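Next come the structures, one after another.
Here come two complexes built around subunit A, the first alongside subunit B, the second alongside subunit C.
== the complex of A and B ==
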């Protein structure tokens, strides 16, 4: 089973993503912020990160930046999910090494499709 | 409400809103960047969350608030108590919406409107501030701002209808806002007079600018009243009317559509589809009389409080102005269908979208490669562009993530050919190979999508609509936990326990009313009330029990390690198998299980499971299996420890028990094998001669039994030679109410647990026989041992008979073993909360505990097992 780390400070969003992904057959782990996500990424191997931008302690950009600087962590795809719809926000995410950018709110089937594509699960 | 995500949203939003309130108030004292940042983040999160659901007004308001906070953060707007007020008010509205979401599933129409209005107000502040930046003019009073956006809903519908009619009659209604100076009375101005004398007034109102906090200190000479009126008089006339106080007057020239706002409950009422269809036809033919008739008929069928009724009233008002009013009527008809506010600016577009929706019904050519996949490819190209000049580390890592993404994307297509091509062509160290692969892939897409574009586009429109429906689910996947002191839950438990007992007194009273005062009707009413309270308290109890339920996994999870370590030490190969770890039981029960379980598993490892060579010799798999199993059966949780080891030899058990003096020689020959197995639970029994490192620590199976029985549970064992042993513990799911049978003996009340009573009978003196010096009674061909309860619990009184010279007798069935007990009288059943004895009284094993009865008296609950074996 593919393992996804959902990083978001909003419990509602985490729950929403978890429900959608679980139903689609993914194993889901959660982190409340970038820092916690980084800690989890050290301990566990994830096939995909779904990351919010605005978070306390360590925001999404910094998380991806740090992740992409870590030699010892598997460099799995990162999907940034953000409320910011401007191009510059997306560019900022790509500059630190995120692989995809979705504007919130994410539609369930959209999320599932991208999660599958990025983890190699047959569509 | 069933949707756990929505519930989560409500919970979380409330936390956030509370924090926002705290921060806003703190900010008034001290301007802190950190606080502003936190504020921004919270509102941002709230906005994001609300977007998951279809609460667009809430999202709009939060979005506006977020932008306002952003301006505060950037210091393009400075923090003032006025801004704080607006933000606080906005959060109040959001908070109300959350309440409404909880109560009705969605925010109410009026609240949505307030939210929209507030969002607009904030937008105005933001845009004005931008202008101010350039023109360097400052200061805005709240009145100026609110005036630009008028709350049309303060005008009652009947007046709005009049105003709209005036529009159609060629007039131009104007809203007059009059804000008299506080000192106006000293200037000889009479605001009320001014307002009353406004010519051609359709509607007017007055309201207070501020709340009167304390009537005692209120200054009646200060004018804090505002006035509003709608008039069809022209502006010149009005200016003349107010010429001395024009500085206090504001004129708003509204648009007609601002007034046409149907309002009301969106649920209920008859079906309008046919009406709308017919009406559209009639509208084309402009047959006004028929339209009016059909409208009137429908109006009569519709409750006036409904949204639809309001739409109908509006249509009725507009009907006289056909054809001028036709587009408005059409918009209202659409509102009846959609239950959304009328969209007047989109009247022309609606027809178009209808056409599009019909198109969707056509079969759509399915694409072999979904558009999302191409987007992923495209985006990877963008990422590549972005990072190609970055530091070595981030560059290399991101490239490998891109390659992984592309490879996975191809895998998701299940296209082996393409995957091989990818692996062949793409080299991690060569950026160009990645780029050219992506380009080639995307080129193919262009061709395919061009063909399919026209077909797919309307479809995306529709799916978007569908996806807005809240994602529903039955089971929560994550839970927000509330940490509560266990004491608090215990207190709740005790209170509900008392309630359960107290409610019994109602039943007791109702009996008393009937018996002693002979008022049967009152007694009946009391019984009805009792059943209501009974139901509520049962539900409450259930709910509280639920709070204390935890999964057995919390105990089970320590066993894999334990089994692994111990089996290694013993040189045995053991596999642990766990089943039903999700089964839930009361926290106390689960905790009580831990020690017996450890003991049982150790026993299995130590005594049950053979060494590998012994297993091979027996033709069994080398690796033994120990199974920990939990399941729920009715109101009990069943925990089993099963091994496939050597089993227990009943003969050995019997002899051992005899040697230890636990059974008599007579019993030794009589006892059946399965009965013999259960001898291991007797105190002072241990089959292994030498104490082993593991289980021989002085705790035998009797400890397991004691522990389990303390929680009103049972334990049993079954075993087959060389096939294995299964120990089964059955515990109550919770420390819930016990159902008991109340009896009387020697003038005192006692109780038997109802689940051990198989029946109650009356027996006569002549039914009692003496067999081998023991009393027996023959019951439907079955001979049962018979006892007097008074003898068993040492009450110095003879048993009483009833008027027919019969003894009241309780037949007890302890897992197939039956006996009869004579009591003085049977009093009926009751629900009690059993409280086990504490301290030195706990050595009184013949009683399992006490309970308080409805009339306040104390009840001793008999433990039937001890009743017979104990004495």
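== the complex of A and C ==
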């Protein structure tokens, strides 16, 4: 079973993503911010990171940037999910190494589709 | 104690002494622009004792890249917490720097009394991001108007992400009189699964009586 780390400071968003991904057959772990996500990434292996931008302690951009500098896991796919919909926000996410950018609110089909694509699960 | 260690301690003492001597406002202003992050950090920290320092701290933070200096500036602004500091911090919510933006939200949460009077303005901002940040800040307020503001947002705001963020908070603090507004927002955004999810969660929590008025 593919393992996904959902990183978002909003508990309801984490619950929502967890439900969608669980229903689609993914194992889901959660982190409240980028810092907690980094700690989890050091300890555990994830097939995919789904990351919000605006979070306390360590924002989504900084998390992806740091992840891309961690030798053992720098190839892990990252989907950024944010309320920020401007082109410059997406560009910044891709610049730091995100693989894909989804503007909130997330549609379940969309999340599952890209989670499968980036983890190699057949659609 | 080994001689080397004693010498090291003495050097630290001398440095500390020198730092204390240089703690006047004019010198600190200069040190805040130093090329050394360590000097800027100390200056930012020590400027907390000067009420008139808000503006220069705000000017510095806009161009500061060192996270530890940013943290010290925010801590000093939070300590000064005059009108200049609060207004300047609110302006920084528009920063392109995501780290700074989020750190500012956390700082504003730590000064609920000073922020209250600005919330009304923020939730009416034409920028949806600012309205979302205002709701994030509201989490920390224990102001009776929070419920009124949340109801206004979910009844009137047209942006789905602003309404979703408000509903997140309603799920935590909403009371029975929110139920008609939540039903309305479910209809308004009937094609948005996240709104349905968080609205149902809020209704369930309110009905279970978890959120008391």
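The definition used in the following text is that the second predicted complex is superposed on the first by the 122 of 123 C-alpha atoms of A that agree within 3 Å, B and C clash if a C-alpha of one lies under 4 Å from a C-alpha of the other, contacts with A are read in each partner's own complex, and residues count from 1 in each chain.
Heads up, the rule we're going with is that a residue touches a chain if its C-beta (ideal position, glycine included) is under 8 Å from a C-beta of that chain, and two chains touch if they have at least 3 such contacts.
Nothing here was measured: the structure is a model prediction, and the numbers come from that model.
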Superposed partners subunit B and subunit C on subunit A - clash or fit: clash
Which of subunit B and subunit C A:118 touches, first, second, both or neither: first
Contacts of A:39 with subunit B and subunit C, given as first, second, both or neither: neither
Contacts of A:96 with subunit B and subunit C, given as first, second, both or neither: first
Partner, of subunit C and subunit B, that touches more residues belonging to subunit A: B
Which superposed partner A:71 touches (first subunit B, second subunit C, both, neither): first
Partner chain in contact with A:61 - subunit B first, subunit C second, else both or neither: second
Stretch of subunit B penetrating subunit C in the combined three-chain arrangement, among 79-87, 259-267, 403-411 or 835-843: 79-87
Contact residues of subunit A, present in both the subunit B and the subunit C interface: 10-13, 15-16, 19, 54-56, 83, 104-105, 107-108
Interfacial residue positions of subunit C with respect to subunit A in the complex: 96, 98-99, 101-103, 105-106, 128-129, 132-133, 136, 160-161, 164-165, 167-168, 171, 192-195, 197-198, 201
Footprint of subunit B on subunit A - complex, ascending: 9-16, 18-20, 22-23, 30, 52, 54-56, 65, 67-71, 75-78, 83, 91, 94-101, 104-105, 107-110, 113-114, 116-123
Residue ranges of subunit A in contact with subunit C within the complex: 10-13, 15-16, 19, 53-62, 83-84, 88, 104-108
For the subunit B and subunit A complex, residues of the former touching the latter: 4-5, 8-9, 11-13, 38, 41, 44-45, 47-49, 51-52, 370, 372-373, 376, 379-380, 382-383, 386-387, 390-391, 393-394, 397-398, 400-402, 404-405, 407-414, 463-464, 467, 471, 473, 476-478, 480
